[in-house]
Amino acid sequence: MSNEFIALAVPAILLFSAIFTLLFGFSVHYTKSRGYFITLGTLFITFLISANGIGETFTLPVLPHIFNSMVVYDAFSATFISLFLLGGFLTLAIAKSFVDNTCFFTHESFVLLLFSLFGMVILTMANELLTAFIALEIASMSVYILVGLNRNSLRASEAFFKYLLLGSFAASFYLLGMVLIYASVKSTNLAVIAHYILSTNLKAQLLVIAGSMLIMITIMFKIAAVPFGAWVLDVYEGASFPITAYMAGVFKIAIFAFILRIFLQNFIAYESLYDPLIIGGAMVTLIAGSLLAVTQNSVKKMLAASSVVHSGYLLIAFASIGEATYSATSAIIFYLFAYFLSAIGAFGVLSYISKGSDKQINYDDLNGLAKSRPIIAASFTIFILSLAGFPSTIGFIAKFYIFTSAIEAGYAILAFFGALAACVSIYYYFKVIGHLYFKESGPVESLSGEKFSLIFIVITAIVVLWGGVGTSLLYDLPGINALNDLSRYAIGSLSL
Amino acid sequence: MQNEILFAILELISIISSVVMISAHRPIDSALSFIVTLISIAALFALVNATFLFVVQIIIYAGAILSLILFIIMFLNIKDENLPDEKYKNRWLLGTSIIITPFSLILIDLILRSDIAVHALRDEKFGTIKDVGATLFSQWVLPFELVSILLLVALIGAVTLSKKEA
Amino acid sequence: MSLLIFLPFITAIFLFIVKMPINAVKSIYVVSTLCVASMAIYLYVHFDPNASMQFIENHSWISQYGINYSIGVDGVSLGIVMMNALLMPLIAIGLYKQRDKKGYWIHLLFVQGGIMGAALSLDLMLFYLFWEVMLLPIFFMIGLYGYGKSNFVAIKFNIYTIFGSLMMLVAILYLAVSYKEQFGFYSFALDDLKNLKLTTIESLLVFSGFMMAFAIKIPIFPFHTWLSDTYRSAPTGIVIVMSSLMAKLGAYAIWRFLFTLFDKTSHQLAPYFIGIGLFGLIFFGISAMNQTHLKRMFALSSASHLSLIVVGFFVYDIYGLVGSSYLIISHALSSAALFLMLAMMYERVQTYTIDTLGGIAKVAPVFALFFAFFALSIVGVPLTSGFVAEVLIILGAFEYNIYIGFLAATTVLIAMLFMFKMISAVLYGDTNERTKNFQDLRAHELMALIPLALLILAMGIFPNYFIKNIEPTAKTFASNKEVSHHE
Amino acid sequence: MLKGYMILSIILFSIGIVGLISRRNIIVMYMSIELLLNAVNLSLIAISADLADSSAQVMSLIIIAIAASEAALFMSLFVVLFRNRASLDVNLFTILGGKE
Amino acid sequence: MSTLTILLFAPLLSAFLIFLITVLYSQTKQYVYTFLALMGSGLSALLALYVSYYSYFEKQVLVTHLFTWLNIGDFLIEVTLKADALSSFMLLFVAPVSFLIHVYATGYMNNDKSYGRFFAYFNLFVFFMLLLVLADNPIVMFIGWEGVGLVSYALIGFYYEDVKNTYAGNKAFIVNRVGDFGFLSALMLLFLSIPLGGFSFDNIFLGLWLIDSHRLTLIAFLLFVGAMGKSAQIPLFVWLPDAMAGPTPVSALIHAATMVTAGVYMVARFAPLYNMTPDILLLIAYVGAFSALFAAIIATRQYDIKKILAYSTMSQLGFMFMALGVGAYSTALFHMFTHAFFKALLFMAAGAIIVAYHHKQDIRELRGIRASGLFILMLIATLTITAIPPFSAFFSKDAIMSALYAGHIEIFAIAFVTSLLTAFYMFRMLFVLFFSKSEQRGQPTRKSMLYPMTPLTVLCIFAGLLNVPEIFSGNLSVSHWLHLADQSFFVPHTQEMLLMSLNTFFTLAVIVYTYKKYAYTDAIEFEKSDGMIANKFYIDALYTKTVVTVLEKLSYFFDKKISQLLIDGTINSMALVYLKVGNLFARAENGNVRFYALYMLIGLVSGFVYLYWSLRSFL
């Protein structure tokens, strides 16, 4: 049932729901939990709708006459939209206890969340540079605000400030890049650009190359690749846990949806030009992220720094796209999925432990958690293992794909490098587990058990495990194979 | 020829005023010189017959945004002692300029090397409100609508963030 | 046969979920491991020595990448499987009165499953999965139930071993990708990958990737520094697993993977590894001499013997191969028994330090007898299985090169250097405050030790019965050598 | 002419970047960002004129709108920051980051 | 169940039963052990006599195949018992002497709290010794060989409450193992050099001629290293004196009569091989000669009664090796035969003295004991060892002397000096013990200890008759029976007679001199106990310095310096450096947003520079 209606339904429902919540928020009937469940329900419904479209290859320009072919709905976007809608859903579901415990999480937050998802949906579907930019801005701006929501917190406001300033700075590169491309191509439509690149010689493409470089830099900023990702530690630290999870897991997916589309459709021709840059970037990112992660005392900052490392892994696959398009792309998709599950789980657990407070969770705050909350500790362990890429978790399979694609592309050295970074990551990840299990706790605080969040944490943990060992032996459940198929359909729908 | 001379003058004005903007110590000076930059840019718009955009630039930038900045500066009542004491400002300016030079030069070089000019003939309608409007609503409906959402988001954000504590 | 792998897992998960008293946990553990043991014995009885790979199971797992769940057993892995199946229940029986933590037993079950899986895997990815997975419970057990700076040690051990594993992972992936380039599709199956043609440099690099993992796990010479601290800190169950099973698995993997995949490279590098092995044999043996901590001493002693095993493998003739396989089993039995006894001793005197012990033979003659017996079986006195293995390895070494042979033969001297001193200091002499109330072995402890002792004796007196299952497999490898030499 | 505009645009863009990085005053930083956007707009208009096509002008218009929305956020940011810190010195906003 | 099987396994079974009873029920009455122990060894002694009889008179070889021990590739090891002449000859004295010492031990160990354990070991020892003797291939022989060493280790450290005893045991086993290292290496080389399948003695000897002579020399040498260890020859003799820490029956059985002679047996066993390597034979002769002399010299300054006997054992073993070295294998064996009797007797008597006199062992403290029975026994044994005719050793030693005389005169000279020294130190001990002005009375000796000495005394006197040389119109029946690959040599009868008389004369002279010196004097008290001789030529100290200390230093160096400091230190410092760099790097993450922007700018600029650089060819 993949027709225009569905293509429009998802953003429309999100938009509608956002505005409804905004208005409903002013009504006397509004309570936080109502707002919460409206949002959650919206996410769930939209996820179901978009998930309907995945699993086959199709391309569908949405209202091409009205929208001037600026958005396109294809298997690629459907896959990504489903992914981050699911991500948003899980984030919100796990954040239930956090939402309940904090006062700054008002109805505007739900509205902004929905708007940001709307922006991501459009970003994923965008087939035109300016549209993509606006969508990106919608999403990022919502996230900026979400970061700064807790305006009484110095940390939050500072994080907001940094994110906003640097984000705007980075965004202007995109615009400059767009203009440079436009100056050459005389159009901003991706398909036209692709055609231009294929049909002209390199001399005519100098500005296109420079422009694509600038656009890439914005993207690198968003996915926090070194040296453009210096903000990530501070912002993640300042933001509240669910928002951090949202940024780390969900937002990244949308960014990658766009970067993959634009790279695969247009700039793959410059692959040999870019590869050294991306490889260098991947290496620097891996090194810097690993270095940062080992020095952190706060678990949250450690996870933030490690998300830089994960960007490094993604860049490895990204570098391999030119030589091993299919496997690298599906590796990226799988990795994003794996990472968002694990990161959302890990941050979710932290937010669950923090009970909505602004407190920084240090390693020592985890001491003895295994005794007081064994299930939480076990789930946390699973997420951590998955982040570390330990076998039998989804994170391992993801790394496996990344390394395979790197080797397939002839960059065995990158895979080696990634392995080294993974080895270092063992240290800081297992430190967490060590604190969870091996250290005696101080006075045990009783955690008010929010069942709802707990259930979703556990479900996420189980999915993480299943993603690691899931086989097609049990035919009823989609396993690793199913995800692979999915990404294949998704890539197939791009006009390569 | 006349255009070229005008361009050169405006170019100089805009560059100088923007340099002043980034180097002035007090924000109010920066803001004022920024207005000069904006107006000169608007004039550059006009130079190529982009009349509508000339108007928009004047109204929105020089009028609205800059007023807002000035308003904020005054509203916050920033005194001189609240201003950062920028001891190493000039060093920073110099250093950053040196760092950025390759970037600028490379881009300028690329622009000079590439063959982008079409020299299409402009008809009379060009740059008028009608022309721009027609293009906007025939080809750029979606971005236009999206921008409205963006503004809504910004609005919500601004309201939420600057709200006093409940 | 999958049940061998998954029964421990299933039991572990069951134990984890269901709340029950600790004795029930132990009983279920014992029953489950005994089930595994009986299945393993069934396997052994029905094992056909002359067929190569048997009891094969094959299911598709990640089909795009040609990763299969594929397991099977041959003469080499049989030993590991048997040891794994037999030692695990004995640990519980021997330590029945100790270790009243449910997690301890659950983790041990996980380890068993992991080792079983790794020993049976014929698919490299599957092997890697199990190889890594068994680290986790080990990590937990060291951290949770260990002694001293267990937290630090656990993390250090983990980083050490995972470093090796990751190198192996890259190597495995490289193989699979090369396979795809040459044959058009991915495969991680051992049988497929051995058809690969790699350039010398490639195979050298990939080989070292694999070897890194195995070398750390075994450990051979410069990669051993995790060893003594880890053994010292780890709880008994894990020490037994590490010395008897995990390290042996590393040695086994050399045969299973390196020799299968890199026949030529293995031969080219054999002299170096023999050199390292011999050096390790002597180095570790001599290092062990001055140790005062019993577990450290046995750690180094294990390392010494494992180096000998490596030598045996790399001399790569039938005697070396069979001898090493036999030493894997034999040393597994002996060291398991010794570490079990150390745990029993620790329970009684709360110390591992040699200097604080003495005179145990006087108060606990049976304990002393068993302890001495197992210690001697490590030294490799005749009638114990270690003797047979050492003779074969030495024979193999002599066949390889006479000087190598002499160096390998020093093994009959090395182990004695510390073992006899240790026996004297621990068992003999007069009793002191700590040891004067040393209680002799209890019934359940005997139940665990007697089978080990009998097995060691049986393997020492009637080796042929046991070796006939290993020999045909070794023969095919040794004859491969002939072929590749002629090439 | 087009190239001249674009070169000017690049120069202004560079000046904006320099201002953003060199200045500690947050308001000046904001204005530098606005300068970046204006630089982009300048190019767009030039292209538009060169092409005699008003699409680029529309884009420029949209960019102005985006700038406006950013302005809204920045304004509220100033308010929040000044309320919390009573200063606009960027160097003081470093409670995040670094090692605690 | 063949005879040989029963012969071999009877002691094992009784050892096992005794052991089981000890473990299961510690209150068992002593006579149960006694019964079991004597049954085991007695049965095998009887059967051994039968087998020897069978072999001697019927000239039959008994063979029993038990099972296949190992069959890999060409390495086929069958556990087969084979009683050929040589084995039967060994059985002839090993099993009966063992039995007698068992009987003796029942008295000696009476009321010892580890009575059961003792006999378990003892019977186990007999089993291994028989296995060694009966083995028909070197690997099984090696098993027995190591087995006796092992039991010897356990028995030396029998009184383990004193750690020193166990250290003596350790020393014995370790030094023995050095020999075994050689033995095992030799066997491996031998196997690999022989192209034929199977590894029994017969096969080996069949294939010998195919082996390259250098290789063969090496093998022979390594085999001899094994023999050196077991038979306490220079340089691997240091364990034997210390081994006297065990109970006296142990010394009698293991370190005098049986185990230490295994080296001689082994060399004799490999006689065909040695005959092909004359260099090594010469080496053996010299090693034997020097060992004999060396031990005899040391023995002259020893005061511990058992140590004197230990050195004399070493010395006698030296004689045997001299004989082996000149190819007189059966002569060596025959000396071993007589040696078993007189040395066992000496030890038993010494043990009886020790038991009677409150476990004193120093002859200076034991001076003037009054025990006529023991004196007679001791005297006979001492006369035997000094080869006074017509005691048995006269025949055996004389045969050796004449063989040496025929072969190597210089070795003969050494042997001659040694035999004089033997007379000196043996009689020194005898005179100091029994001929003294002072007087000591001890407890009476138990019957069970005295009785087994009687047959030994008889054998001491008459065993020589079994191999009476031609000169006394004998027919060398033992030599003929053994039928070894002896090298023939010829000494004219007159010369031989002369030698004998010379020998006897000088020996008697030495005895007289000794009597003068030690009987009823205090000469023993004035001997310096700190000279070179008394300190055993500092050989022990030398070994400690060179081997033990070096090893300990090395151990320290390996563990602390290389492992912990070098390797682990490197790894740890790598981690530390990493952390340091991380901290340094974290400084860059200073929270200042301008710096973040600067990093971005740097990234941007470098990206563009790279781009420009790589596009340069198109520009």
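We call the chains A, B, C, D and E, going by the order they appear; numbering starts again at 1 in every chain.
Methods note: contacts are C-beta pairs under 8 Å (C-beta built on N, C-alpha and C of every residue); 3 or more make two chains touch, one makes a residue touch a chain.
Note that the structure is predicted; figures quoted are calculated from it, not measured.
**Student:** Determine the shortest chain-contact distance, in steps, between chain A and chain B.
**Tutor:** Between chain A and chain B, the shortest chain-hopping route counts 1.
**Student:** Touching both chain C and chain D: give me those chains, sorted by label.
**Tutor:** The shared contacts of chain C and chain D, listed by label, come to A, E.
**Student:** When I count C-beta pairs in contact, which pair ends up with more: B-E or A-E?
**Tutor:** So, comparing the two chain pairs, more contacts are at A-E.
**Student:** Which chain has the mean of its C-alpha atoms lying nearest to the mean of all protein C-alpha atoms shown?
**Tutor:** C
**Student:** What's the chain with its C-alpha centre farthest out from chain B?
**Tutor:** Max centre-to-centre separation from chain B belongs to E.
**Student:** From the mean C-alpha coordinate of chain B to that of chain D, what's the distance rounded to whole Å?
**Tutor:** The mean C-alpha positions of chain B and chain D differ by 7 Å.
**Student:** For chain B and chain C, what's the span in angstrom between their mean Cα positions?
**Tutor:** Comparing mean C-alpha positions, chain C is 71 Å from chain B.
**Student:** Rounded to a whole Å, what is the gap between the Cα centroids of chain A and chain C?
**Tutor:** 43
**Student:** Distance between chain C and chain E based on Cα centroids, please, to the nearest Å.
**Tutor:** 36
**Student:** Going through chain D residue by residue, note those that touch at least 2 other chains and give them in order.
**Tutor:** In chain D, the residues touching two or more other chains are 2, 6, 13, 16-17, 20-24, 30, 47, 51, 53, 59, 62, 66, 69-70, 73, 77, 80, 90-91, 93, 95-97, 99.
**Student:** At least two partner chains per residue is the criterion; list those residues in chain B.
**Tutor:** Residue numbers touching two or more other chains: 96, 100, 103, 106-107, 110-111, 113, 116, 118, 139-140, 143, 147, 150, 153-154, 157, 159, 161.
**Student:** Where in chain A do residues touch two or more of the other chains?
**Tutor:** Residues 130, 134, 137, 141, 144-145, 148, 151-152, 160-162, 165, 169, 180, 183, 186, 203, 206, 210, 233-234, 295-296 of chain A each touch two or more of the other chains.
**Student:** How do the chains pair up in terms of touching? List each pair.
**Tutor:** Taking the chains two at a time, the touching pairs are A-B, A-C, A-D, A-E, B-D, B-E, C-E, D-E.
**Student:** Spell out the residues on chain A that touch chain C in their complex, using ranges where they run on.
**Tutor:** Residues 385, 390-392, 396-397, 400, 403-404, 407-408, 412, 415-416, 419-420, 422-423, 426-427, 430-431, 433-434, 437-439, 469, 471-473, 480-481, 484-485.
**Student:** Quick check on the complex: what are the chain C residues that touch chain E?
**Tutor:** 222, 224-225, 228, 283, 286-291, 300, 318-319, 322, 358-359, 361-362, 365-366, 369, 376, 381-383, 387-388, 391-392, 394-395, 398-399, 402, 405-406, 409-410, 412-413, 416-417, 420-421, 423-425, 427-430, 461-464, 467-468, 471, 474-475, 478
**Student:** Under the definition above, what is the set of chain D residues touching chain A in their complex?
**Tutor:** Within the complex, chain D contacts chain A at residues 2, 6, 9, 13, 16-17, 20, 26, 29-30, 33, 36-37, 39-40, 43-44, 47, 51, 53, 56, 59, 62-63, 66, 69-70, 73-74, 77, 80-81, 84-85, 93, 95-97, 99-100.
**Student:** Under the touch definition given earlier, write down the residues of chain E that touch chain A in their complex.
**Tutor:** Going through chain E, the ones touching chain A are 578-579, 581-583, 585-586, 588-589, 591, 593, 595-597, 599-600, 602-604, 607-608, 610-611, 614-615, 618-619.
**Student:** Write out the stretch or stretches of chain E touching chain B in their complex.
**Tutor:** 598, 601-602, 604-605, 608-609, 611-612, 619
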